[in-house]
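A, B, C, D, E and F label the chains in the order they appear, each numbered from 1.
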Amino acid sequence: MPKRIITLGEVLMRLSTPGHERFIQTHDYEVQFGGAEANVAASLAFWDQSVAHVCAFPNHDIGKAGIRFLRAAGVDTSFVFLREGRMGLYFFENGSMHRSSKIIYDRFYSAFSQFDGVGVDWTAVFDGAEWFHWTGITPAISEAAANLCQRAVVAARDQGVRVSGDINYRRNLWQYGKSPLEVMPDLIKNTDVIIAGLTDMENCLGIRQDDYVEACREAKRLYPDIRYISTTHRDSLSSTHNILSGVLWNGETLLGSRTFDMPHIVDRVGGGDAFMAGLIYGLLHKSDADALDFAVAASVLKHSIPGDANFVTVEEVDQLVRGENVGKLLR
Amino acid sequence: MPKRIITLGEVLMRLSTPGHERFIQTHDYEVQFGGAEANVAASLAFWDQSVAHVCAFPNHDIGKAGIRFLRAAGVDTSFVFLREGRMGLYFFENGSMHRSSKIIYDRFYSAFSQFDGVGVDWTAVFDGAEWFHWTGITPAISEAAANLCQRAVVAARDQGVRVSGDINYRRNLWQYGKSPLEVMPDLIKNTDVIIAGLTDMENCLGIRQDDYVEACREAKRLYPDIRYISTTHRDSLSSTHNILSGVLWNGETLLGSRTFDMPHIVDRVGGGDAFMAGLIYGLLHKSDADALDFAVAASVLKHSIPGDANFVTVEEVDQLVRGENVGKLLR
Amino acid sequence: MPKRIITLGEVLMRLSTPGHERFIQTHDYEVQFGGAEANVAASLAFWDQSVAHVCAFPNHDIGKAGIRFLRAAGVDTSFVFLREGRMGLYFFENGSMHRSSKIIYDRFYSAFSQFDGVGVDWTAVFDGAEWFHWTGITPAISEAAANLCQRAVVAARDQGVRVSGDINYRRNLWQYGKSPLEVMPDLIKNTDVIIAGLTDMENCLGIRQDDYVEACREAKRLYPDIRYISTTHRDSLSSTHNILSGVLWNGETLLGSRTFDMPHIVDRVGGGDAFMAGLIYGLLHKSDADALDFAVAASVLKHSIPGDANFVTVEEVDQLVRGENVGKLLR
Amino acid sequence: MPKRIITLGEVLMRLSTPGHERFIQTHDYEVQFGGAEANVAASLAFWDQSVAHVCAFPNHDIGKAGIRFLRAAGVDTSFVFLREGRMGLYFFENGSMHRSSKIIYDRFYSAFSQFDGVGVDWTAVFDGAEWFHWTGITPAISEAAANLCQRAVVAARDQGVRVSGDINYRRNLWQYGKSPLEVMPDLIKNTDVIIAGLTDMENCLGIRQDDYVEACREAKRLYPDIRYISTTHRDSLSSTHNILSGVLWNGETLLGSRTFDMPHIVDRVGGGDAFMAGLIYGLLHKSDADALDFAVAASVLKHSIPGDANFVTVEEVDQLVRGENVGKLLR
Amino acid sequence: MPKRIITLGEVLMRLSTPGHERFIQTHDYEVQFGGAEANVAASLAFWDQSVAHVCAFPNHDIGKAGIRFLRAAGVDTSFVFLREGRMGLYFFENGSMHRSSKIIYDRFYSAFSQFDGVGVDWTAVFDGAEWFHWTGITPAISEAAANLCQRAVVAARDQGVRVSGDINYRRNLWQYGKSPLEVMPDLIKNTDVIIAGLTDMENCLGIRQDDYVEACREAKRLYPDIRYISTTHRDSLSSTHNILSGVLWNGETLLGSRTFDMPHIVDRVGGGDAFMAGLIYGLLHKSDADALDFAVAASVLKHSIPGDANFVTVEEVDQLVRGENVGKLLR
Amino acid sequence: MPKRIITLGEVLMRLSTPGHERFIQTHDYEVQFGGAEANVAASLAFWDQSVAHVCAFPNHDIGKAGIRFLRAAGVDTSFVFLREGRMGLYFFENGSMHRSSKIIYDRFYSAFSQFDGVGVDWTAVFDGAEWFHWTGITPAISEAAANLCQRAVVAARDQGVRVSGDINYRRNLWQYGKSPLEVMPDLIKNTDVIIAGLTDMENCLGIRQDDYVEACREAKRLYPDIRYISTTHRDSLSSTHNILSGVLWNGETLLGSRTFDMPHIVDRVGGGDAFMAGLIYGLLHKSDADALDFAVAASVLKHSIPGDANFVTVEEVDQLVRGENVGKLLR
């Protein structure tokens, strides 16, 4: 039995217009479920890791449909709670060429946003776990969610679990009265692996630097428990055509990945989460350099799949890393 | 140019599962827009009446899609406002036989619910109008919406406009701290035509009666401006099979309609609104008895059409009243 | 090798709204092809009869899609021609309960309507044939089509082929300047088997009678070559619920079929053509009484199938005649 | 933690034509998964019972999609195996009125049919279990599957687990050389609760009786461990209209349920499995009479839901038993 | 209240095959409405301009669905008429790579083509208007439509309204007996702004020139009221990949736009109309150079949107002109 | 009447996920039919060649749907047989960018695989034929199918029919106990035109060569009846972007085609069969060099069309060869 990975975060119902239709013209929304952390959980479960996700859903049939999504993905839902409140939603419109893709969030007042984690048996949650993953979206949603995240990080730390955090700074979210710099440092100081670009570092770690390696070194000075810092670089030539690469700073070196050209993107949502999942998987099972390559390749493959979730196998990711089978018709 | 009809109320985006799928199993939501009052507006506009609807939408593309729905229906949107807040939603699951149809509302915190009508040029709204229609849903949503409704009713009255109100009592809605009996009487006393069953009368007019005619008489005593009281009787043998009739009390007699058997219901949502629209149209253009017949026949036809809106012509309703062409293949 | 059946008539592209949507609200049309005579051809071919259809299509991809429909049905298209002109269309809206089903025809100026049959090698068409079928729609479309029909009937007669005609009087069609009574008698006098109700007889045979047997006798006096007259009786309780039966007058007796209750109609278009096909099949292979039963049962089954074509096997029709397997789940 | 229920049987991919389309005309198949025993498992899991299903899938993406179905339903897949062989399929065509619904099975040579259960840790499977459910489909598929079923029944018995078996005799399946009477008695003698009609009893228990109670008594004499025998009675007026009731013999009395009219069936596949699940749930949590009522009501609700699985809650079933909320629009 | 823009032209129902299906293989047509001039009207209305469209529809439900399209777009339909005749249609097949996109027009004998504008209150039409837009498609359809166009242009001129005309020469259309050079000059001489490439100039203005500036100068000499001449240059590398730019001659200089690469075209229909709408908007609100940039950017964005209509906001066009947000995921 | 072309091979039902969905996530399969040889037949019939296909289908509705596909394509089905066994299937998942397209075959135990051709009247099959086409898939499926292929090749040869064979070596198929080198030489020695790359030559002709011309010469030495050897070269940059060219060795020269860039592939399945059909058509109607160009251009166009079948006309292929109309919007 592998050791367990715990993830925490809101699961949203995603409503996407078909094809490249705009919100204003659609007659139909395709239903999926996703969320930055749940996408990581789904990837890891698809790769046969033992994963449990912590969150809350509204106590009605649509909330329960969200639970079905997690279960289908093979994620343990023992720590999923049904609470009062709305289902968090997001509406997605897939751009093309010069026209940007667009998301309208409708997640305020959700059941999750009112879930502060009081009463959760955190000891049970982290029993047998070796990794805990959170993102900067949770503390940005509400005071309750920030408290939830803090409780989880502390509990994980207390039980000796490795912690990763995807800083993922989004200006629009922080609306409940606290600034990121009031909240994030307490979370980051208990975190081993962070995903952060320079903007994230400035807004959430309080680090102003133009050079990524310098920024990493300063982060390590401020938050000495950090062992890895990583980020992706995405060059958005158009909505349909991006170029992607990643870096991983392991306290010593800044490792760089191969750069991938992605000229026919099917769906870029969840690309970052696919990278995060790949990195966790890689750091658990591979060398640092191989972990980074695996993470970037996983992210690249996500861009070819509709929906939030990255339905690719470890073997498919490894093949892309090795440059095998790309573009073939596999029979 | 016909005189104008003004309606007021929230427009919701309706997300329906296809066919008879349940929420828990669907992969797709069909998009429509509707709302008790907007459905009345759409019917009347479809019947070549001049109609303007008053409401507020969120200032984003999905809100604007709601405006498109009103425009497509031929409803004047000069008094539609874009405001902060969410888009009100409802999710609809079409039952069958013993399985009930189900609605999950997700309308709290909407742009409309925060719209109190301050700053609206009510004189302009009611300029040239001969009818104003509201429902008991609006005052049930929020304090702001209750104030909006009150402002509109008073302004209509001041400008000599006839007023109709569909009492439509829904226990689940009244959550902002006031009870219906604190709010509704002030609206009803300025209303000429009300749709109310015995339950509505008890909860919103404060009238406890078992006999409908007695209840109507008492309503008239308490609210002397009322000229008509009407309601439908629906016998729900199953989700697919209902029996429908209506009554209209005109201060003197309780007129009764023909009873319609509806054994293959396609979509019952908006059936009551179709009746209301039919009654307004009828009271403007027909005798009392013919108005009631028209209203019931309009409602019956609605049950054969998917979505909230009643896409039937005056001629089709008149034909059903006369029993012509029913079930034929019209070439 | 069985002897051949020849049919003649326009094939239209049918564009149907999905489910029970109305024209005014649809975003999508489902494509099928059909036509009174082609539906007969398709049924007979599905029952392993050798059938060739005579018609003209416009010389473009949509016309060719019409040919594909005939070929897929197993109908010989050796006598299908590509000509100038439009594709004839019809738009179909499936009613429900009190709301009638509706067809908007858009067939004027079609390639077929300009096809007069000059230059067709009629000897080749009827070589080896034992049955020719036409309907009253063809002579109603245009002068050219009337001439085409007349040419075909005469040629069939000359080659000793049995002829059936479905009178199918439709007032809306006769717009090119001739009345049915100027055109139809010349066709009917060369026809052995006709489908005609009392209205058809009045308008196309010039027979005014209230009693069907009397009308049949008079038809025989006027058109002595007629050997069979048949019709269906449809009681349209609603769009969804019809009751169907048929009669067949064989020169001596008026045979009557069992009456079928059809309370959940899926699609009634082509119901009459299914009857016609059943009658031709029956008269070729069965006794008169069995032919009638087969025809009615074939028509009943058609009402359970979407589209114009009657995809039921001889065995399925026979089983319904015998009352076997009805409503079972066949594994 | 509730005690566990174990089910065993093949999961098939179901490919259904949309609406009422026939196989011959469809351009599209809707995908679901199901199987007599897995449907029982899914119902019980939906009712918050702890359920594990034992089966084998082919080791490819479509097999894994089958596992996702079980997981989504909340069924424990710890004892689901990936093996060589095909995915078992069935194609489903939904009839209407006089036209029967039709299934084409394509399940031979499947991974499951080659799975004999050797090497399964049956002690682990039944650890903590209180109920095991099998059906007569498994021993009918292949020698391997019959051995699998026998191993499971014996192991369950050895560990003191209650056993139910849905006899479900299907003549078409028994093609591997053994007759039911060679195989079934060994399974039935270790079974406490059986679903069997008179035909099942004749073919699988060797009991020829016209009277159901007499047949039950004889079954008890032959297989003294049987405690309950139950069956449903379905009157198929048409594909769309069935009448359903059930009986339960508890060793003493033959209990009868209310009779339900089902005049607008959406999908009858899985109706029997819904009854079985309801009976297991009822026998675990209710009196005998209430168990039967619950089982029949669960089955009735299934007929309103597309797909194999019965997405209804315990509360919905209980409400139907009590006659509450039927046909209402629940908001 | 902004001054009004009037457009005139036929609205066609567009029936598109899904995805990249060919006419010959499709089972489904997606419904949209469009037309060169109505597309301009829809764009301008979407940009909050006050626009009224003049046209005629057939007096049936599909004609009325066309009106709904205009209303939904926010276009004033006060001058839309219901007349006898067909609905004009076009069938669209979206090409890919080396395979060309294809349109089959089916617009002859339409209600619009028989609409000559006699009886229209042109004074009312142009009351308060500042711009009138027509295209060379209208005079090409029929004698009646040519007369309609001529009446409108003269009336606009008489009321001091600026006039634009998109010459849009299509050889296939001119089938009613007149040549473009008999008809177009009378229209052009009353037009201020024309869209015309060298081919248009040769066929409709009678100008043979290889150099665009020379051609413009000659046009000005022949038609002195012309103030602007503009055209786009499209390099069709493949159906999916075009390169687009535009020029605008303002009587003095030939302004050139930026060149846009469009390597993943979603739908190019309406691209020229989007340019025309952008140019009108630009000439009303911006400098000449900015007007051209706006027009080209509007056209480029259209290529990313399914359907005829250009659902992009002024802000989105301006952002593309400035190179902002291109390819981003906007949250 | 043109001389006939005979093709032989299994027709599979293709079930494709919509868009770019993966097997693991789909809820829907789109239905098409295809097969290497049937695709050739369909192309040739679409190009007005007289083609008959020889194969066997299971005797149920889905088998008959396969026959409908052939008929619709205009292929003569006189030599299509209904036999016991399954319908062969394949599941198709369309890749994108770095993610490969994937096929899961499910064709073992099919009716075709058990069809050995005994009892077929081969004289009738090849009566009037001038070309017979087979592929290396048939002898790879089963012993029976290998015998069928051998019988057909010998019979064709005996009747003086030209024979083409697409070697199409697939390692996964050869599972019935014989190796390609035991079976293929006997087929190839009776074949005039073969499609074979170096791998095919090694595995099926026993020729190990690195140089294609040398390999062709050796093939000619070993199998002196071979007149043409041809192959395509596909450079798969990604699933969406391939580069294609072809060569044709005519016993003297190795002719090379133009190289086509295909940067937005819609569906590459059937690309090789489109080439084969083009080559047969070309060799029947054109010079060697023109035949090769036609074949490659036909294959290129196939990549723009969903499904197995290549719905392009001879004129469209010729236009691409001449570089005409590419990327235009044809009205």
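Convention: a residue touches a chain if its C-beta (ideal position, glycine included) is under 8 Å from a C-beta of that chain, and two chains touch if they have at least 3 such contacts.
All figures in this text were calculated on a predicted structure; none of them were measured in a lab.
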Notebook entry, point to check: Which chain's C-alpha centroid is most distant from that of chain F?
Noted result: B
Item checked: Chain pair among B-D, D-F or A-B whose interface repeats that of C-D, sharing over half of the contact pairs by residue number -> B-D
Notebook entry, point to check: Measuring between mean CA coordinates, which chain is farthest from chain C?
Noted result: A
Margin query: So the centre of each chain is just the mean of its C-alpha atoms; given that, what is the distance between chain A and chain E in Å?
Written below: 45
Check: What is the distance, in whole Å, between the centres of chain A and chain D, each centre taken as the mean of its C-alpha atoms?
Finding: 40
Next item on the list: Would you give the residues of chain B that are in contact with at least 2 other chains, written as numbers and ranges?
Entry: 22, 24-25, 27, 68, 102, 263-264
Check: Which part of chain F faces chain D closely enough to touch in the complex?
Finding: 15, 22-31, 60-62, 64-65, 68, 86-87, 89, 91, 93, 102, 104, 106, 108-109
Notebook entry, point to check: Which chain C residues qualify as touching chain D in the complex?
Noted result: 19, 260, 262-266, 300-301, 303-307, 309, 311-312, 316, 320, 325-331
Item checked: Contact footprint of chain B on chain E as seen in their complex -> 68-69, 71-74
Notebook entry, point to check: Which of the residues in chain D end up touching chain C in this complex?
Noted result: 19-22, 24-25, 95-103, 105, 170, 172, 236-242, 263-264, 268-269
